[in-house]
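Questions regarding the structure given below will be posed in turn.
We just call them A, B, C and D in the order they show up, numbering each chain from 1.
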Amino acid sequence: MALNSHSFRLAGRGSKPGDTVIDVGGVRIGGAMVVLMAGPCAVENEKQIIAAARGVRDAGAHILRGGAFKPRTSPYTFRGLGKEGLKLLALARKETGLPVVTEVMTPHDVGIVAEHSDILQVGSRNMQNFHLLEEVGRSRKPVLLKRGFAATIEEWLFAAEYILAQDNPNVMICERGIRTFETQTRNTLDLTAVALVRQLTHLPVIADPSHASGRRDLVPALALASIAAGAQGLLIEVHPDPDSALSDGHQSLSCEGFAAAVGQIERLAACLGRPLHPRLAETQTSWTR
Amino acid sequence: MALNSHSFRLAGRGSKPGDTVIDVGGVRIGGAMVVLMAGPCAVENEKQIIAAARGVRDAGAHILRGGAFKPRTSPYTFRGLGKEGLKLLALARKETGLPVVTEVMTPHDVGIVAEHSDILQVGSRNMQNFHLLEEVGRSRKPVLLKRGFAATIEEWLFAAEYILAQDNPNVMICERGIRTFETQTRNTLDLTAVALVRQLTHLPVIADPSHASGRRDLVPALALASIAAGAQGLLIEVHPDPDSALSDGHQSLSCEGFAAAVGQIERLAACLGRPLHPRLAETQTSWTR
Amino acid sequence: MALNSHSFRLAGRGSKPGDTVIDVGGVRIGGAMVVLMAGPCAVENEKQIIAAARGVRDAGAHILRGGAFKPRTSPYTFRGLGKEGLKLLALARKETGLPVVTEVMTPHDVGIVAEHSDILQVGSRNMQNFHLLEEVGRSRKPVLLKRGFAATIEEWLFAAEYILAQDNPNVMICERGIRTFETQTRNTLDLTAVALVRQLTHLPVIADPSHASGRRDLVPALALASIAAGAQGLLIEVHPDPDSALSDGHQSLSCEGFAAAVGQIERLAACLGRPLHPRLAETQTSWTR
Amino acid sequence: MALNSHSFRLAGRGSKPGDTVIDVGGVRIGGAMVVLMAGPCAVENEKQIIAAARGVRDAGAHILRGGAFKPRTSPYTFRGLGKEGLKLLALARKETGLPVVTEVMTPHDVGIVAEHSDILQVGSRNMQNFHLLEEVGRSRKPVLLKRGFAATIEEWLFAAEYILAQDNPNVMICERGIRTFETQTRNTLDLTAVALVRQLTHLPVIADPSHASGRRDLVPALALASIAAGAQGLLIEVHPDPDSALSDGHQSLSCEGFAAAVGQIERLAACLGRPLHPRLAETQTSWTR
């Protein structure tokens, strides 16, 4: 059955005029301006995360991403630094003024992750971890909800609904590639879905071209395409030294590569009448409240 | 890269001669005999679960299934009776002597679900909920791990590995249909995967033709096909009154329909040299310890 | 929308009581007996096809398969012997008495292929080559229509309808695996579809476990599962020397492997009340009329 | 295995420096300029196709699309006007000066379609109709090769290779959406593939947002995204009266809707440094030779 703006009690456009705009430390996500979230897949150590944070900030990013708790297919691979990673993210935030988005994997960790970060990310594998959705809902922190790699649009927006139903209106949703028969790329970026959810929901829509393709050489083109399709922000993996990354290096841009991409994105966004969000002033440690 | 019996440290056949057999209240799951798990999608009330338990026991089932905690796409639909449902399952177990399998959705609930049931089910949406996997691992209870609806075989066996790595060897894995382009059935039962995982792993392999097809008229044929492909057990939805079920009624067999299917399954299993497991004696309240 | 037996004017069960049975040189395809079609992917030379034909006949096959015209992804790989291959198939038929099924790829070749064979195969890639469907329809020869690797059940049965609409009632349909996200097997055998099309149509339903899995070690289990799901025949790749095959050797059984599988299939089919079709008498050169 | 620019002997970038540019009646397809192909799904009658041709020309299209031979799932639905449709296309070309692209479905029709049109379209269902590929190759006419709805990138470029291998260098390839699990849209536009094939091949890459989404309300956003991802042209369904269209009306823009989209496309293309191709002068009947 065709979804429409009344299919979702809280997430649907039928429930609210205009777009939801979420203010995260002065960064307004979801309005007419494009927001850039960037950083490494995983926090590896202080030097790496500080270099990454400075690199992406200098290139124009508004939000720092970085994983402290990493979901991994095999239990025998690097699963992140955990709490130590959270502290390093908070340090990088202090150094650069960039608000931080990082993943929380289980209800029990919501408190500690919320304490050290500005946006709680719910990952693709947890999109239908309903207890986690309700717990991040109860936290009232801004949430970035990634689409499950095989989730329908209906399931994705109902997952958002779980969070909203806990009286947390600060939900942004993120398309990060779906699983198809194609094997040349890690996933397939579903911009058809981006265009459609922009019609269905008032929530901010973000796109992640890094996980979607799994290849750094495709990230700039897909970043541009995402904005053109209607995405209001991008989540991009950037590592100060991609070839030595502990995870996902092949899909990470270098800081220089990211800076070059930002230049293109900025021109495109301006041309579409949805300009890049202004940079945070370096002195603006907006996350301190 | 092609998987082989050494691809998984603990789950792979390379790590252990012979098949793992898990004894659940006298029911030996994973050996040369076929085991039947049956019952309603959700526990609805005492009358319904007792009728279902008696119906499936009388028809030949060895294990009672029933959901107390139900993962649901929308937050606004029936999500199960929760703890009350667990108590009703325990009551049905007492009445019929059938061990119980039921889903646990979040690490926090593992203790209480383990207390009232015999097998912890990890559902399809939670196959990569790694904290849940580790918690059910630590519980040492038998675990039925459903394949994610878009999980690769590699991801599925690594999910089992997460549980095994917590020193819980009692893991059975369950194929329940994958998501494809076809819309006439809810999912597509992947018996190619069943045949392959039987080669790769020593763990018991179960098939769920009810969720796989979403249509009761297809369940008997797919049950037979699952056994022929190598499945060592079946998980089948049975409701005393399918048309009044609160969830998944369209895919539930009636008790009579289930009894008829068991007859066919029994003949087929015998012919394949992997006969149906003996019925539990009614007086055998094996789960009382 | 849910398909039913009236969704297809000619192919639907609503149009005809009972199952369609197609007599091919004395082999009755589509009735209550299971029919085996076997042989190499491609006809390579006289010695190979004669050895294969004798091997599969001696093991119990009723129909010889073999490709003279081979659809190949790359234009630079072996594409079959063409007309020479057709002649070798006719020779093998004369030697063994087995009717022959072989693929026709384009309308222009229907005449010559019909002249040298008993069943025209329309391959997966051509399932919606509508001009070819109409041409094999007009030929009035029996047709084996493979399901496209990403065709819905609706599209598959409408493709059969194209042939039937040319007044050719001799259509059998063949499930050969669909394309999914899984990469460990070439395709995913869709037995959910087999069970469903058995309800929707009166046409004979065949399964091809060789292309479905792409792995010879999975073929026997999937052959059994196909019969259990309701398939009325099997199409299996057999090569006298699989490791030297010019194409698809990895999914071909040896003649000995096939003979062993036939033993299992025979027992299962008997047990299901749908026994293996009697062997053709060697002296019965049924195709000479 | 990862594809690279040497994976395809003729289609790969390794075989040729720079991009292939195909001149069709003065329209240069494949260079640094964006080309627009537009028109109705099917030619219905003279009035309709002339109105469509004028409408799309006035809005800025460079090539007229329209189907005379229509592949249809069911044999009982409108399958196009055939030769009469070709004549009407040629008439519309004469009236407007727009070169014409139209589908050819079978080798036998290549001659007549080539006679009345400027670009031969090979449709999605025929992407691996190898005899058709070779016949359009031998015709030496420009060919627009649509990607099969479940074809891998490797299969798609090898299909192009079949045409190129017949000494026809005038091949453009068109992404038109792939089949996934999502049911809200007809297909899923695969811009990940567009970005990747732009790296792998020197052939012009076109995108079809109309078939990809099946919804006219998504076409403008996906058209912009396609250009941003690297597409060098667009194929868009436009009907003078979409709601009365004999086929695919729900995915067709009106002439006014198309004109509005062209305005957006023009600005975006200019901003990306790949401007819209100049309009054809009305008097330039470039296709007369």
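Assorted remarks:
Heads up, the rule we're going with is that a contact is a pair of C-beta atoms (placed from the backbone, for glycine too) under 8 Å apart; a residue touches a chain by one contact, two chains touch by 3 or more.
These numbers come from a predicted model, not from an experiment.
Of all chains, B has its CA centroid at the greatest distance from the CA centroid of chain D.
At the interface between chain A and chain B, two copies of one sequence, more than half of the residue numbers in use appear on both sides, so the contact is built from largely the same positions. With each centre defined as the average position of its C-alpha atoms, the distance from chain A to chain B rounds to 36 Å. With each centre defined as the average position of its C-alpha atoms, the distance from chain B to chain D rounds to 49 Å.
Across the assembly, chain D contributes residues 150, 154, 179-181, 183 that each touch 2 or more other chains.
By the touch rule above, chain B contacts chain C in their complex via residues 2-3, 150, 152-154, 177-178, 180-185, 187-193, 195-196, 198-199, 212-213, 215, 217-218, 221-222, 224-230, 267-268, 270-272. For chain D in complex with chain B, the touching residues are 150, 179-181, 183.
Those residues of chain A whose C-beta lies close enough to touch chain B in the complex are 9, 71-76, 105-108, 125-126, 128-132, 148-150, 154-155, 158, 161-162, 165, 179.
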